[in-house]
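Order as written gives the chain letters A, B, C and D; numbering starts at 1 within each chain.
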């Protein structure tokens, strides 16, 4: 078995951490049990590019239990948990990922993974898909379908499909309600704050926290920052979302204004240069800047480098940039995902649902690929209902069921005031 | 001019209140100015069934400025503000609505309104549509289109259309983001709490508040009840929404359990019997029950009447029911909309957007009716963007605009990590 | 029996409302039952100056049950509930209070009450004490003690005592924890917001709400305004409290800055001119200003009158002032207590504890007056514990009791790490 | 120079972290500058027992700048940051502290520190005072005064003084408003949650979090747990505080009930056995238990050990105990302070004020010790005002100043309604 990880000796620690995460992943556990019996992915070659974390380990075990022959690489050079990588290799799953690997190694790892010649791809940002469609088109013929985890990835896939180039059907796992409404919001909310606090040990209350982007991730982060006592400002490009931010109790303004007021900035736009050179120019001395969107280009790090007279690391994950006039700006985790860089990523309880969708998407592709044209698909709503229902039960909570009379009423137009 | 209202002498008070509301309705004001010049509804007969409030007065003035010849009746027997009715009549707009009118008068008023033979209908719960399609089908031939305000109404329209019976195109105003995301959530949230407090003067903090239904209305109410210090419980039939409630910090359980714990109950399901006889049987002594969904059937008032040994009004809008074992249950506003019964309905600031959608929907129908088959339509997304943009500006807030480079990036699949 | 009220015909409505309030006042109910047996105030003449509300009615019944011969007048010209006044008179308790009475009548009423020659005084702002010490010193000889309800009143009493002039012992009911920590915070918080919403029907979320004064009342109001979605600013003169406001998640600045930003202002300083002429000059068009401190001088209404070109009432409790440059400022309830003017005052659940302290303070004075020099006294801590304990029990909540071992540990210095 | 630390090689990392913390400590910085000029502690021998953290390093530098000759040991075996210890030694300040030292080493370190023969003692839990009064009474004669940091310590000192045994005056730094209202509340609130999340990576929202003890620490923690979306339950022995918890929006019940419902438990009582054997017996499978009070006896770890069939460490700071029936309970940081064990302790921004009080208390003792009898003292209120004022200024915030007229009014009894 070919693989490339930091240290196989970390396997036992990784195993315990994966087990700990599994306690919080009842939905995925339920699916694993069924998959172990039904083997829906028997013999299927699967290449995945995901953050290599304790939660991903549980997804990997679930896919392996389903019979898949899978290989994984990291979707981000900073997010790999080396003990988990070791544990997976020890379990017989090849991993190509080392925390803090350089750019070249990162791409070599992805290349090695894609070169296994997968029938199904699994992405977190559409990187495998992009590599297949750009550099390894000869492998496309074996692929029957894929899964994509993130908002950013789905946008890229749609762009690719819009140009008529997407070669196979892909399930946008992100579009499941039980994914984006939970993982993106409550997961990003807590874990980004966690990452910022671990990196800086700053007191959040009394600080002005600027959230750039008010999609599901931004909503979650701004809500939790407020819950920790911050004065919250939101910047947005969509006026409807901007107005929602106002009504949720945040101040709303353009980044040109907000850049002067913030103590802590977080980008979650899915785009680029949300924090740009002109913003750094106007920041307060001591401003802290982090990213929890997908790529490290949300912050224009290059502009910051060029504007700065000096740079040094003052704490783990905290780089101090000294500007010409002496002001200091602190960049966290080099502008890469703060929640995976400085903390452990989303808690298992939300990844449970996201990865339940991943696992079921794999099964869905197996069952339906022959009927599906290339394109971006969403799992049927019943999958959401099932996942949420198992989750609630595992949390000891119950919900109501419509009586026949109530159901009829809801679908009638004649009954009135 | 034919009309039926309480007292024309209230007109001046109504005028002042409508003016006050208008201060908070900058979007509608902007539309009114344009309509006054362009006259998009010149000579069009319009029949509307809406809550007759200060905000509706401003919509009526906007439609009148557009040239429409409109007549209005109440969409709820309890929600009419008599001073506003007087003010509208004095402005030359016929109104058929008296606060606290009995069931018969209520239907007579609707009948009188429908009998004007409208070309466009405007509904808050699809009552005019239902009357036209059941009892007054001879008038259908003149109708070119309609607008519907509420979630409940849209469900009814889709049921009607599902049976192949809907005779003309209707714009589901409720489906605009600037409507349901704001009016239903922030409007219902504040105004329902307001109605409960005005009716009871109860201290909310320390109380267990049960929200039944976690759609937009339920989300808003539970959020604000929590904001006032309540311990919040949510009941839902959709497990995805139930799980969202959990993550928003509420306790979630079936109504069979919640009915034993609640101090205050609010129904916002859009359905029927969300609080039923079996729930009343298990309530604590002193429980308070109210409705902010659409119809008064969300609470099974008939069951409560039958279970009770005595009934008396102990405060305005508070009926005390004494059960056989001596426990008392308090029903607010007879189970009708608590925010319109005991308070003034949604604040003008949210109705501004809802009614901007109404006004623009009227214009949309005029322009497009010849191209539209019978069915339920949503306004184009650009309308949402425009409304939100005007609103933000009027609140003194700014938002960002994507640079060309950012825009290109967001629509590209090739750029990577 | 001598009295002066609006209309005795309102008595039945008042009785029902008092009964409704009593449901939420379990502590006072428990005390009333004991007082009815023990008659601790038998034959004592008591003169009270309180807001005449449904909650006060229950205090009055409790004192009457104790055997007191009491007379009440209003502590504020706007706060009297005429139906409650009628109900008390019908119960045999003389009342001198009419809602909206003019200044002269207000003082005549207080004079009539003081002229009954009380042995115990009961104040809400020290007005009876002030009248006795200024104008009616001949009556001082019969007085054995008094009770004071408010922060402002206690400050005045201490000033009077500081000058060596206070003639008898007074219990500062406000200093009980079960009074100021609850009534001032949670009571003022909810009821002031309630008053503002009833007066204006404004949507709170999206508004900038400025709280002036961050004592217990200010803390409560700012917390609830935030809970309703407002962007909250706090102004304070004590830097420790100002810092606490920051950490509680509010923005803090001087009123000179805040006056330019606020949409809604509330004064709760206990002092004067917290909103002054120079602030009105800088307010935004449409600013709303209200007071929930003690006296109407917290807002410099006179300055506003002088600066204005026009004034008119646009809604109940809303006066529109037009400044020279055309900007409009809206003053609520003439600058008098907004929660009692436009709403019903504190909910009964908090007044339960405040008035339990009042009732027990009366008993305390009877038992201890011969031992007490003139001065300001606080009830023993055990009274707080008892009141809180009864309250929790009535709400169905339980608390822990220290074991002997835990208690010993807490009082030891030798046990260590 | 005698000292005992982990590794002097960590000094540079410690220096950078101390510098980082200093950015957030403007008040202490201001004091250090003055002390460096005035040398108020010139030549004074000072023995301190504090958590050896980045914030403490800044206090140590301030005292050294004042001329003190100080030696420090750890106040908790788990809380030492080894890089900071190294940095301090390199700066010339002797440290006796190693993270995770065993009980014996811990006491040896304290002994070595006390044996320096201090004139001033500085405590975090009164351990140095206890050692001096129990085992090293011969050293008492040189001591002129001391400072104590915590609630628990102050209780112990008062017990010691109550027995007439306290030998010198001690300033209860904890009693300063700028200490307990901020450090205990906002510091403990954020840092305890931080510790729990770092140890477990659990999603807080959707969990039932039980706070045991509703003093300042408990208030802060429950508030922040709620802010992160938890369903919060509070257990208390003081009914007034219990009621305050209710009004702050928490559920309140006895620990006998709460132990069955909680997912996460935190003790902040300052006492012992707040979580006892009988509670472990009733916990849910998977319950997580942590302590953020002072000593590790708040949780009866011994009882848990005896009840368990197996124990293993499943993650750093997470011990899994398997009970006889198979249920698992997870104890964090061995029941020691979770915020210092698994995270970095209070953020510098709050320690700034706490340690400003410490530094000023040292100066106060120097100036006043000859006038002070043995006893427990509080710093003058003006110190609080100064500290808060500097802090606000450094945060860029302003506050109001009373005009002469306002001041006179506030101290007058004659001005009225």
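Definition applied: contacts are C-beta pairs under 8 Å (C-beta built on N, C-alpha and C of every residue); 3 or more make two chains touch, one makes a residue touch a chain.
From a predicted model like this one, the values you see are computed outputs, not experimental measurements.
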Q | Interface composition of copies chain A and chain B: same or different, split at half | A | same
**Q.** Most distant chain from chain D, judged by the mean position of its C-alpha atoms
**A.** B
Q: Give, as an integer number of Å, the spacing between the C-alpha centres of chain B and chain A.
A: 37
(Q) I'd like to verify one number: the distance from the centre of chain B to the centre of chain D, where each centre is the average of its C-alpha atoms, in whole angstrom. (A) 52
**Q.** Multi-chain contact residues (two or more partners), chain B
**A.** 186, 205-206, 226, 229, 246-247, 251, 395
Q) Residues of chain C touching chain A in their complex? A) 205-206, 226, 229-231, 246-251
Q | Partner chain B, residues of chain A touching it in the complex | A | 75-76, 106, 125-127, 130, 133-134, 155-157, 159-160, 162-163, 177-178, 181-182, 185-186, 235-240, 242-244, 246-247, 251-255, 257, 270-273, 295-297, 384-385, 388-389, 391-392, 395, 397-403, 405-406, 409-417
Q) chain A touches which residues of chain D in the complex? A) 16-17, 19-21, 23-24, 54, 186-187, 190, 194, 197-198, 200-206, 224, 226-229, 286, 314-315, 318, 343-344, 347-350, 395
